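First chain A sits with chain B, and in the next complex the same chain sits with chain C.
This part shows the complex of A and B:
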């Protein structure tokens, strides 16, 4: 549709574009500039070229943190995707009460990362937590869910899945409902069982949506921050301090705004690459 | 298929087990928040409070600035949601129904910004807020994330289905572009506006990172900031903290239970993005 007055559509876009430009566009440019400076956030910034990136890439602490973040992401993404798909499959069997179960599975999504972390922090306490009490009933010694570095990571992974699986489940449900029932009926006539139908129809038909969910999960979980703040505080001894918290602490904790900006730029590049892969793959998947 | 239906009752076993796993943390925290401090740490723990009390809730209100945090959170959520609705609906309409110089480029630009991680912008956004005098103000939390590409995208997808003829007909009747938007488009867009409203309420109520960047004055804390601050302290006062956590999560849960279908539509549209 065309307007007689050519400026009309621009007027509709203007408020959004202004706010986006000032609070997202401008910072994006600033962020790139700052990453080439040494700056404490107060006095004036000094241009130091690629020095920040050199500092970061030669800092063993950075690599340890990146590795830790990747381990977490590599564990939590497949777990979330498989659980979300499993729940979606269960809820599309036409069972009575499916709507109630769907609401229950989605409920934790309505709980913020901070509150979710806080709830589980209480439940996973070593001496007074409910989980260790339940374990004690079957004679298992108290587990340091939040005080042992390995268990702390496992706790963050489990709480992440608990908190977010319902969201991705809904996307899978939409995908499953989109598969034409005639495909299944045809397979049944050919004598295919549940597993065969799932493998030969559901999985291939869900390929594009599964890829989308994997990418969405990757992007979201790579940035996990708030959940950790209230669950483990990033501890014990940094064992659950992932990328965004590391960046935040570098800038706002240590006052290294230049270094923090460089870390943000690296995060931006990682996210960009992942998004590009998604575009490539989803276009390829659609033919 | 009758025989498969009969076998299906087995599926209730995993469904019920998962439902327990999803629900018990919430119920456990509600139960804990209703226990007096002595019972809170008793071993073995009592599943249902033996000495039911509302003391934790009373002290949450009296000893912390809870009323203040609640007010800040409600104010931020409401103002931000109104702003989000206005600017994103206008932009979404322009991109759905007008063809103009640069419209294709602007659309691609919007779609490509869907994935921009705000977390990667926290430092320069903080600087921009400071320079504009919005640091340590509630408006500093409200305005910056309001222009959300997701909102524009949802509205645009929905309004694409409005037939051009309807708008042309209104034009022939002499209605201006603005009048058409208010009188014709907004009523048609009600369902997607409901979805966007619910989304915005959820985003803002739950947001942590943005208030964290924009606020340092504890009088301006939102509930999320306050909770994060309390749980990070050396000695945690669990009773009132759990009560605050319950009070923070309950409003959203109620909104969800009432407006479920709008959530579900919105998230399912995410899946249909490309």
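This part shows the complex of A and C:
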């Protein structure tokens, strides 16, 4: 059945397309253009071809930072996915108070990254933080949660999971509620226990959702910025300075907007490649 | 019935989008279209200087009724981004308060011709203020106030520990006496920690200058930071951390030193005169300012704030006229005395400050004995942004035990491109 006015759907899309075009599309195009220039944000940009990419790719600091970011993402994505799936599974078991716990686990998602980072910064401080104060009550020496590079990374990973797990939990809950109960009933008749049902029904049926969550997690955590900056400032000794902060510091701290744009373009390419690989490996998320 | 409703909804949405995309309301009248000139001023405040500045603009307005001011309060961290955004968007502000003219030098109006004889103007400034007026030999900024580093202390804790602070320039601590004094206060008073030392390469560099070193060579084209004076400074800084006189949580954990001192946890705070107003208003214990220790020589670090206007400002002429008024002896005296700042003018002395005169006299004294090398180093706009980041990182690596002080300072020199262009 054909609409009498086929332009109507496009008209509805227009406001969003305008907003997207002006605030995302156009700056992205400018970003690509500037990545081939030397520009300090004020004077005219000078076209320098691939020089920015050459500078970046031959800079050992870039590779160190990229490796650091990858370690962070590799640690935080599986942890978030497992925690989110575990919580979603528990909260769809029909246990008493599930709705209350659902709200509690979702609460951190509603806190802005900056505020969440600052709160945990206070809690985790070595000399004045709440956790070390509690440890001191049982005669445990203060831990450098934010001043020791290893502990700082662990702190950032745990705070990230705490802050974001509720959001991905909701996606998993939606996926779990979409699995037909008849599958579980049939498995029970065949004598399957809880673990077998989870392994042979829940996990395969959640495959498209899991892929979506992994891709979303990967993109989001690779771009992590506000939470980490307000929690550790990228320290100590750059131990938690990840990709976007590096880009931000290059562009806005050093006034190297051409280099910053090139870094953004490289980030875009990295995320595109990883997403494609994930898509291929999971066969497009088909069950 | 559904289609008209959808059309109305779409119309409203489109309207909202169009409204969102349209330019903001004009902030002032164009001088060319009427008598009134509105000067857009990008401003940041550490203390009450914003209020004092407003009073001065009111005075100016009473003398120049055709001028209005649109003061755009901006967080310090966002100053240069805001300036860059406005300049590159063709909407340069008329005036801005900044602390690093080099960060936006391409956009600044050259003031050589605007202030008459440049040298004549420079002669009105203290030597430590002059380097802040120029970028690459061009006069682009008017220094409005100077800053000096200094030492705040908690009087109660020092009394509890029986430690006396130097009350004149005759009995200033050396580095060793200073470390012992703070350690004694920490151990014999209610203070939880000794010295809160700002995590700032500028504050850190105080030790380099006190030991007779400097960061750059005199021509600013090579680094001297790996010479023995600077290495010894880092050894001393590391020792202060190892003896737990300075808590590691500031330089390695990002803890706020202001909060540590203001909340009565630290016995002393090495910071600068910009915190006077803050402590005056918010610290609910007796505190004071005393002289910083010395090694080879006494030294603070000369910094400051400047006022600038832009090549593309709409009201350049009126902006320059106001800058001349703002830096005039009478107005600058009012500004620095009420804001608790140090004047950049050499002809303003013995200021009666609105408060904390005793503390301000110590800051003034610290600045008066500070070598010009400090201002020369820190106004090396070409290389300092990169070098100061490296100083922070390599000092942190030393405190973390990953490098020796000599390795850390060598690393700055080896990884820097100072003098390569």
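FYI, the second predicted complex is superposed on the first by the 248 of 287 C-alpha atoms of A that agree within 3 Å, B and C clash if a C-alpha of one lies under 4 Å from a C-alpha of the other, contacts with A are read in each partner's own complex, and residues count from 1 in each chain.
Everything that follows uses one rule, which is that contacts are C-beta pairs under 8 Å (C-beta built on N, C-alpha and C of every residue); 3 or more make two chains touch, one makes a residue touch a chain.
All figures in this text were calculated on a predicted structure; none of them were measured in a lab.
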- Task: Determine, under the contact definition given at the top, whether A:8 touches first (chain B), second (chain C), both, or neither.
- Result: both
- Figure out whether A:121 sits in contact with chain B (first) or chain C (second), or with both, or with neither. both
- chain A residues touched - chain C or chain B, whichever exceeds: B
- Go through the superposed model and pick first if A:255 touches only chain B, second if only chain C, both, or neither. second
- Classify the contacts of A:275 with the two partner chains as first (chain B alone), second (chain C alone), both, or neither. first
- Message: On the A-aligned overlay, A:149 touches which partner chain: chain B = first, chain C = second, or both, or neither?
- Response: second
- Task: Figure out whether A:219 sits in contact with chain B (first) or chain C (second), or with both, or with neither.
- Result: first
- With the two structures laid over each other on chain A, which partner does A:140 touch: chain B (first), chain C (second), both, or neither? neither
- Query: For A:40, is the partner it touches chain B (first), chain C (second), both, or none of the two (neither)?
  - Reply: second
- First, second, both or neither for A:57, with chain B first and chain C second: neither
- Task: Using the superposition described at the top, list the residues of chain A that contact chain B and also contact chain C.
- Result: 8, 12, 15, 19, 22, 41, 121, 128, 233, 252
- Residues of chain A touching chain B in their complex? 1-3, 5-6, 8-10, 12-13, 15-17, 19-20, 22-24, 26-31, 34, 41, 87, 90, 93-95, 101, 103-108, 110-115, 117-123, 128, 130, 133, 162, 166-167, 170-175, 188, 194, 208-209, 212-213, 216, 219, 223, 225-226, 229-230, 233, 244, 247-248, 251-252, 257, 260-261, 264-265, 267-268, 271-272, 275, 282, 286
- Item | Complex interface listing, chain B residues touching chain A | 1, 4-5, 8, 11-12, 14-15, 18-19, 21-23, 25-26, 28-29, 32, 40-41, 43-45, 86-88, 90-91, 93-95, 97-101, 103, 106, 113, 115-128, 132, 143-147, 152, 164, 167-168, 177, 181, 202, 205-209, 212-213, 224, 227-228, 231-232, 238, 241-242, 245, 248-249, 252-253, 255-257, 260, 263-264, 267-268, 270-274
- Touching chain C in the complex: which residues of chain A? 8, 11-12, 14-15, 18-19, 22, 40-43, 121, 125-128, 144-149, 232-233, 235-238, 252-255
- Query: Taking the complex as given, what residues does chain C use to touch chain A?
  - Reply: 6, 10, 13-14, 16-17, 20-21, 80-81, 84, 87-88, 103-104, 106-107, 192-193, 247-249, 251-255, 259-260, 265, 385-386, 389, 393, 396-397, 400, 402
